[in-house]
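Presented sequentially are two complexes of subunit A, the first with subunit B as partner and the second with subunit C.
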Partner chain A sequence: MASFLAKRLLSGVLLLFAISSLAFFLIYASSTNIASNILGEGATADQIKQKSHELGLDQPIVSRYFSWLKHALHGSFGNSWANNDSVISEIMRRLPITLSLVLIAILISAILATTLGVLAAIKGGMVDRVVQMLAVAGFAIPGFIIAIILVTFLAVKTHIFPATGWVAFTDNPSNWAKSITLPVISLVVATMTSSAQQIRSAVKSVLERDFIRTLTSRGISRREIIIKHVLRAAAPAGLTVLSLQFVGMLGGTVIVEKIFALPGMGDLVVNATASGDTPLVMGIVVYTVIIVIVVNLVVDLINGWLNPKVRVK
Partner chain B sequence: MNTRSPLRKVLRNPVGIAVVAYLFVILIFALLGSSFSHWDPNKPDVFSVLQGPTAKHWLGTDSAGRDLYARLLVGSRATLIAAALVVLCSLLIGVPAGMFAGYYGGAFDAIASWFANMLMSLPAMIILLSVRTVIGSSIYFSMVIFGILVSPGFFRLTRTAVMAVRNELYVDAARVSGLSDIRIMSRHILTVVRAPIIIQTSMVAGIAISIQSSLEFLGLGDAKLVSWGFMLNDGFRNIFMKPILLFWPALAISLTIASFVLFGNAFRDALEDSKKIKRKKSDDVVVTTVIPPAKDESKHLLSVTNLGIGYPLADGGLKKVVNEISFSVDKGEVLGIVGESGSGKTQTAFSILGLLPESAVITSGRVTFNGDSLLSPENGKISEKAMREYRGKKIAYIPQEPMSNLDPNFKIGYQLVRPMMKVLGLSKAEAVTKAHSLLKTVGIENTDRIFNAYPHEISGGMAQRVLIAGAVSCDPDLLIADEPTTALDVTIQAEVLDLLRDLQGKFDMGIILVTHNFGVVADLCDRVVVMQYGSVVESGDVRTILKAPSQAYTQELLGSMLVDKTPMTLLTSGKGE
Partner chain C sequence: MKLHNRVAGALVLALTATFSLVSLQTSHAAAPSLTVAALQDVKNWDPSQAHLGHPVPMYQTVYDTLFLRDSSGAIKPNLATKWYFDSSQTHLKVTLKTGVKFTDGEIFDGAAAAANIMNNRNGNGPDASQISEVSDVTVNSPSSITINLSAPNPGILNFLAGSSGFIGAPKLIGKPDIVSNPVGSGPYIFNASKSSKGSKYVFDANPNYWNKANQKFSSVTWLVMADTTARLNALLSGQVDATLLDVKTAAAAKAGGAVLHESNTDVSNIMLMDRAGSKVKALGDVRVRQAINFAIDKAAILKATQNGIGTVTDQMFGLTSGAYDASLESYYSYDPAKAKDLLAQAGYANGFELPMPNIGFNDPALQAFIQQYLAAVGITVKWTDISPANFVAELKSGKDAASWFQLFQGTPWEEIKLIAAPDATWNIFKTNDPVITSLMAKIQRDPAAAGSAAAKINAEIVKQAWYVPLFRLSQQFFTGKHVTVVPQPQQAVPSLYNYSPTGA
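On to the complex of A and B.
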């Protein structure tokens, strides 16, 4: 188990290093006139030179990279070019909003997708056909169009929910719940249907395995076989589906936050890229990759623990 | 596989026609869109902003007074170009890389797979936004990057397919005949992966459209471009004044994505149709002659009379796998059912315990156990609950392949104890004690180790002993053993047969031994039923049949045993399957 964990960790660190390096060189190598862009059109050549020096842009890219890496290893991603705030504090302000959105959505989605998927697999017939149809519909209507529909009908036309804005949980729990209801629904609807279908096929393939027939022949009830044996055997596949869904949701929040004007990471990344705020973009990339790695690691750990072959060693 | 016939099948189903027609119309709009409307989609008109539908502007105008109808038509171009770019780019990267990785394996495979996993684990949207500072505002460049990000889908698909066919005979033959690897890959292997690639392509096209319109909706990209995403953006900014602006582009985007997805699904269905037997409702199939469960007066433990089993075919017909067979087993008697693979012997065994796959249909006959019917007169299957009265307690089952018949996630002990608690109503402590003594009975010395082991920690022979212990744990009257020794080494085979003989004497059970091996029959059975093509060829006392088989087929089976070959393949020519 320890070596299994170490291997996964190492692979995660490698991934983080590879992605951040790639992002750094891509972004910096192609960014031109950074200083003059920041200063605006009226800047003199001297001012631009001064600013470039200040930002370290007159250094060769490789040495800039190592300097960035050194600071990053010490937990600093520098300051935003746009407002000179520390990148980390900016991200830390935004991250809780996005994470609470995604975590609540993934929880609801996991419960719904598992219920629907398992029912479709074991009941077949109508339930099965409905799940299949939902999967097509969920795929065909992009999440942000669902968000737009929700805003139009439940916020703009009927005012049941606020159309935009964020209320902190600590300020007012019931308004907080209202402010995240529509965003969460948008995220859930967009991903749940496809997960349900994947969980359905995972359960179906377990049902076809030999040991299920043998358990049946021993006089164990179908109910117990499904709850104990089938769900257990399908759990790793289900968790993998959910982890992919989690990553998908991180991307999905970008649009959802924009539509509902939530001040989360998605909103931050849109603004940062629009203004060419490179240190902030780099910080966001690194944080996102870290989150993805942590999620995958947690799923690997649970799957390792679920699998006797890995656990018992 | 030929791609033409599934395509033709797609066009025969109504959804398929609708979808292809819709995509065709969109394509025409993309090519000639501006000639269907005399409005310039980009021409602003400050005097007619946010108008509703009029005779002049059929769908109204947007916040800059541009004609919505013209924009909707011309917007299809950006959508199709974006989808094409993503598909092309991911195909060009994913398919060749997958082929090389699957065909050659080794370091390239390892590195490429790592890379694919890495790309797949990243949130595409955030990556796209981050590299936007690099690639500038053009949406088409973003689509190229997105193509790279989704190429692992094609990579994995191709790699798996190639690995599966790489060692097929016809690929070997091509290699031996001197074709170059590149030739083999493009000729033989590409043919195999073509169909799944078409399905994946339609899915990727759908995702691409969704991502493209998302980016434009966010206001990213060249604002002069006429596209559905920008129409959404404009509509969203005016959502409080004119939410209808959102309707048309949202509809167009959803319909287009749905068309691609449905095309992929229809294509897959068409493919599966030609491969798989389509499930028919069981009441479509006429159950011919199930005899009502009158009390069977004969003294047999189990009697099977005129049993027929079939599977529905796509054309509504029925493929019979067991043809009206009859046999019986008495208390304490060992009956062998002998035949090759596909002779229907395992199907027969499963039907007795109600373990047939759901699609199977009992077409005729009756099965009685101690005089009680195990088949219902309506559709041949009795309820789960009624069947549970028999399973384990009265009729038990020993499977063929030991390892796959133990649940890998539960300890051996649990898998032995739980049925005894359920079926016999033992307390946990009693069941544990009994499990240990059962393990001893089947010849396991260190019962503690096995009891606490997971299935992967024990050998195949050990696992088969455990399964036998499980089968006899609830003192059944009848044991159905389906090729109990086939998956085992020769030395262990003999031990397991000895064990079965001992247990049979000890518990005075009736046994049905399903096997292809006359040696096993000679060793263990009192009577034997010889099956071929789902019918009984011959049956009777073992000695009689071994000494003087009356049927040519039985002679052949016996003959093949004598030259020490297991008759796993069809021996007789003519009647194939």
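On to the complex of A and C.
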């Protein structure tokens, strides 16, 4: 297990280095007129020159890259070029909001998708057809449409939930629940229905395998077979789908955060990229890659725990 | 069956738990507090980094200015009680209010005023160029300063009443702390514990504020919401008292009971920048530029792209600029036959190719209309791809001979420095019209003549067809039932001082 973990960690570090380096040069290639964009349309040529010098934009790209890398290896991502705020504090202010949205949404999705997927697989018939219809509907209806419908009826018209904004859990747990409910539902709908479909297929496939027939012939109850054996065998497929959904949701929250005016990573990513705010973009890239690596590592570890063959491989 | 019962039970439990956390009423903060949804965040709270337009009222919450532009646009005393220019218009002597304290206990005096003006001048902020003529500030006494200019700046009072004139606590000026913890002598005090950078800024009333007439609320909260739909929903659900919407969301806001406070700030136009014809030879001929003005049916574009909300115009100076001339409004009535005739006279009977930056990212319908109307008189628009994020910087680089753009309509001097002067922000090719430069010199000698001289400059650029003004955009600013507001001339959103509790 230790060797399995070490290999995964090493590949994660290499991936982090490769993606962050690629991102740095891609930003350089796609960002022009950064100083001018920061200063606005009224800036004079002298002001732009001075700002470019302040930001180090007059330095060669390779020396800028190694300077960034050196500081990053020491845990410093510098300050945002747009507002001079520390990149780490900017990310740490917003990341918990996005992560809490995504984690809660993925947890609810996992519970609901597993329940629906298993029900559809073992019951078949009408239940199966309904789950499949929901999956198609979940794919077809974009999350932002669901968000707009929810906010119109449950916030603007009935005032049950707030239309916009975020309240920290530590400030007021009740208002936190109110502020997060509609965004989470918007994220859950599409994720849950498509995951349910995948879990249904995985469970169905396991149910058709020989060892299930053997267990049934030995008189073990259907319920015990499903909980102890079918779910365990179908779990890797379900976990993989949910981990992909998690990563997709990190990007997908941009629109939901915009509609509900949540101060998460969405706006930060869009604004930093559009303005060519290199330190901030690089900080976001590094943090996002680390999250993705950690999620994949956790999924690999759970799969390894559930299925020893994975560890051997 | 048992499984069904358990699933149903779990769902009921989950719903009950959720609703037990949720009260059935969205609470509205007790009056008279003010909550406004702002379109843009402040860059940071350093006064030298303040920018005109949307963030100005946010800075006004905590910082005073020497001068104050009232809701009619007139300059009134604030921290400055009296002022006068010398005959050369390069020395502005200002008498300061005494007895004013910053909220950190420091005293406002001549040294504090001078330090702030120079910090705003030297901070390399977005609007530093507004006061670039300030060479230094002489502190005559604790209650008197002289602002020395290297050349007359007829807009200096306006600029010091706006984004270039915010006065912060002297100990913090130029220090990192003021970036996130603003301290001024203004009507409200920043409440850091209730604020969250980038999304919410809360200010409580300053108990010792010297001008209670400009402190009408117990607290002021700015919520940053870039998305128009989010701002509409926040207004209609009572989360905010006021916000800027647009022509697409205005009907829903009105239907929901919100009150519209309409004003004009920007003009949608095509900038014909290459007036010497160095990149597109045809644009060097005034008849071609006039033909483009005649070729476009502005009313049809306004109706199609803005739901008809706004006002068709043939001039760049705004209604409240003092340079507006109603007689110019029919100068270029839609007349494609006349456009073709002018093109033929200029030697372009078969038309020509006009490259312009692609504006499809902003308004594809407007782009299609411009292409269609110009094609009808023989001008083929060749759209060049441009990154939306770099649109402004690319235009300023001088690569493009012409482009659509939306320009601010400011006070006469602001407008001249924006669109008409040889070194104007949007006179990219530095066109030098002797009529304009001589009128500018007249304004610099006698700022009181700014309105009438700017009117002549306005007429000159209309006749020379430097631009193709399309329409003045209507700012759709809305308030809910607890608050009312008066629009601020030449400003995207109202000043903080223009808000009042309803019925007050």
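Just so it is clear, the second predicted complex is superposed on the first by the 298 of 313 C-alpha atoms of A that agree within 3 Å, B and C clash if a C-alpha of one lies under 4 Å from a C-alpha of the other, contacts with A are read in each partner's own complex, and residues count from 1 in each chain.
Simple rule for what comes next: a contact is a pair of C-beta atoms (placed from the backbone, for glycine too) under 8 Å apart; a residue touches a chain by one contact, two chains touch by 3 or more.
Just so it is clear, the model here is predicted, and its values are computed rather than measured.
On the shared subunit subunit A, the superposed partners subunit B and subunit C overlap sterically. Of the two partner chains placed by superposition, subunit B and subunit C are both touched by A:K258.
Of the two partner chains placed by the overlay, subunit B and subunit C both lie in contact with A:I148. After overlaying the two complexes on the shared chain, residue contacts for A:V156 are found with subunit B and with subunit C alike. In the superposed model, B is the one of subunit B and subunit C that contacts more residues of subunit A. Shared-chain residue A:I199: touches no atom of subunit B or subunit C.
After overlaying the two complexes on the shared chain, residue contacts for A:L280 are found with neither subunit B nor subunit C.
When the two structures are aligned on the shared chain, A:L250 is found in touch with subunit B, with no touch to subunit C. Legend: residue contacts after superposition of the two complexes on their common chain; A:Q47 is shown touching subunit C, with no touch to subunit B. The residues of subunit A shared by its contacts with subunit B and with subunit C are 30, 148, 151-152, 156, 163, 258-259, 274, 276. Looking at the complex, you find that subunit C touches subunit A at residues 7, 18, 21-26, 37, 43-44, 51, 124-130, 132, 179-180, 196-200, 223-227, 229-231, 233-234, 236-239, 256, 387-390, 392-394, 396-397, 425-426.
By the touch criterion stated above, subunit A contacts subunit B in their complex at residues 11, 15, 18-19, 23, 26-27, 29-31, 124, 136-137, 139-142, 144-145, 148-149, 151-152, 156-157, 163, 209-211, 213-222, 224, 229, 232-233, 244, 247-248, 250-252, 254-255, 258-259, 269-270, 273-274, 276, 278, 281, 284-285, 288-289, 292-293, 296, 306-309, 312. Put simply, subunit B touches subunit A in their complex at residues 114, 118, 120-127, 129-135, 203, 206, 210, 213-214, 217-218, 220, 232, 236, 239-240, 243, 246, 250, 253-255, 257-258, 261-262, 265, 353, 355, 358, 384, 388, 391-393, 396-397, 399, 401, 404-410, 415, 418-419, 422-423, 454, 456-457, 467, 470-471, 474. Only residues 30, 32-33, 36-37, 39-44, 47, 50-51, 54, 82-85, 90, 93-94, 115, 148, 151-152, 155-156, 159-166, 173-174, 177-178, 181, 258-261, 263, 267-268, 274-276 of subunit A touch subunit C when the two sit together in their complex.
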